[in-house]
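What follows is a pair of complexes built around chain A, which joins chain B in one and chain C in the other.
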Partner chain A sequence: MLFFSYFKELVGKEVTVELKNDLAITGTLHSVDQYLNIKLENTRVVDEAKYPHMLSVKNCFIRGSVVRYVQLPPDGVDVEILHDATRREARGT
Partner chain B sequence: MIETGLIAVTERAADGGPLLLAGEDESIAHFAHGVGIVLGEGPLQQNGTLYITTRRLIWLSDDDLQKGYAVTFLALSMHAISRDTNAYPLPCIYTQIETGDSDSEYEEADEDEMEAALENHVEEDVASVKEMRLVPRDPNILDQLFQVLCDCALLNPDPEGAPEGEAEWYFNVNEVFGGRTIGEDDKPSEVPNIGELQIQDPRFEDAEEELEEGNGH
Partner chain C sequence: MEFRKGSSLSVSDSSKKEMASDTGLELLIEQTISVITNDGRNIVGVLKGFDQATNLILDESHERVYSTKAGVEQLMLGLYIIRGDNISVVGELDEELDSNLNLSSLHAHPLKPVGH
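And now, the complex of A and B:
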């Protein structure tokens, strides 16, 4: 729940989603659901030399189960919200 | 059990459509004629019909009634709209498929293997296909296909791990009420979505009722 709540705050921001198959895709976070399925817009592949055929996939739906990491934009990390959320999560409320 | 990988489909229903999975509540959500398919780095196989069901994505050849492919949404790791002709000469839906190999690492197509497979027409190797492109003759349907794929993917959460919280997408409110959908012009629009208005506006709550009365008397 913590991750879902937190990622919701990042809608509209640019994130990099790293898949379990090592592919990393940067794009604007369009939406996210409780399974952490992720929709990105205006995507680009981080390692273009390695994945040339993925170059300009515009819109992309990624199954939550294949996501390894989501890299956050530095200005998208609101320390206050994170503090709050982790405290609430720890209390189990 | 999660069925991973692409599966060859050699049988069809009496109406020419796909045989649906019994007992899995499978129904066809959408279908489109004139869709070609590319498996891995293979050639474009034209003249097919794409069926998107509540459980699977199925492509059936129009030319060879024993040829077809299916993949469950659980194995469909990613789908995307690809319009860059440098990446692929034709606009298409690009997908990645989880094959269930112990080696689930992404492989930049092992060219030797691929070539060997192509030369030998090794159809049984569909289970190892990690990438698939769906190439509609009419590229204008790409957005719709993409959206249906998103909708049906959401009907198929992974079995393990209970979902957390409410089962709804979180959307940017401006986008939703701006009537935008994924794939459209990125400029925000001020025009409210008419569908939303009709549903949510209390003034329309009893519209149907009134209409019925009007007709009846």
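And now, the complex of A and C:
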């Protein structure tokens, strides 16, 4: 639940999602769900020359199970809030 | 999990959805989509239906095979069900952008399979 809530706060920000097949996609975070599936808008693949497979795709749905990393803008991260939320979750609240 | 087709209801009851923000694929129903599967294949087709497990029904589908030695090959498939387990990305295909592509001269390495 923690990461689901956290990603909901990041809707509208630009993120880069790196997948387990090494593909990396940059886009605006449109929405997220309980499985941490991600929908991105205005997408572009990071290395377009190497991965032209998604040239005609500008909006996509990425299955949570296939995400390796989600790269966030540094100003999108409030470490204090994350620490507090993590402590609460660890306590079982 | 109940599977429903068509443009109405392809998601679970709203009561179960209180936890979910909207990442449903409803908006893509009847649209042409490009699917990347876990084994690195790229399949293009019209989305007819889906369920919570991301199982998809794709009509008029074809596979685009990329290679470094030849242009993109398109293999006709027809009506397909793709199991959600095997899906990485579901992209909305922009028909205009796609028609500007010259697939027969596009060379690329095939996508890698997902390595967990």
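Rule of thumb we're sticking to: the second predicted complex is superposed on the first by the 91 of 93 C-alpha atoms of A that agree within 3 Å, B and C clash if a C-alpha of one lies under 4 Å from a C-alpha of the other, contacts with A are read in each partner's own complex, and residues count from 1 in each chain.
Rule of thumb we're sticking to: contacts are C-beta pairs under 8 Å (C-beta built on N, C-alpha and C of every residue); 3 or more make two chains touch, one makes a residue touch a chain.
Computed from a prediction, not measured in an experiment: that's the story for all the values here.
Enquirer: Assess the superposed three-chain arrangement around chain A: do chain B and chain C clash, or do they fit?
Expert: Superposition result for chain B and chain C: clash.
Enquirer: One more residue to check, A:Val66. First (chain B), second (chain C), both or neither?
Expert: Both partners, chain B and chain C.
Enquirer: Which holds for A:Thr86: it touches chain B only (first), chain C only (second), both, or neither?
Expert: Neither partner.
Enquirer: Which partner chains sit in contact with A:Ser31 here, chain B, chain C, both or neither? Use first/second/both/neither.
Expert: A:Ser31 contacts both chain B and chain C.
Enquirer: Report for A:Asp22: first if it touches chain B alone, second if chain C alone, otherwise both or neither.
Expert: A:Asp22: touches chain B and chain C.
Enquirer: For A:Asn42, using the defined touch cut-off, is the partner it touches chain B, chain C, both, or neither? Pick first, second, both or neither.
Expert: In the superposed model, A:Asn42 contacts chain B only, not chain C.
Enquirer: Just to be sure I read the superposition right, which of the two partners does A:Gly12 touch: chain B = first, chain C = second, or both, or neither?
Expert: first
Enquirer: Would you find which stretch of chain B runs into chain C in the superposed arrangement, from 128-136, 182-190 or 200-208?
Expert: Clashes with chain C appear only in stretch 128-136.
Enquirer: Taking the two structures together, which residues of chain A meet both chain B and chain C?
Expert: 4, 8, 11, 19-23, 30-34, 37, 39, 43, 50-63, 66
Enquirer: Touching residues of chain A toward chain B in the complex: what are they?
Expert: 1, 4-5, 8, 11-12, 19-23, 30-35, 37, 39, 41-43, 50-66
Enquirer: Of all residues in chain C, which touch chain A in the complex?
Expert: Residues 19-23, 25, 28, 34, 36, 38, 40, 42, 54, 64, 66, 84, 87-95, 97-98, 101, 106, 108-109, 111-116 of chain C touch chain A in their complex.
Enquirer: What residues on chain A touch chain C, complex-wise?
Expert: 4, 8, 11, 19-23, 25, 30-34, 37-39, 43, 50-63, 66
Enquirer: List the residues on chain B that touch chain A in their complex, please.
Expert: Residues 76-84, 86-88, 94, 96, 98, 104-106, 108, 146, 149-150, 153-154, 157-158, 163-172, 175, 182-183, 186.
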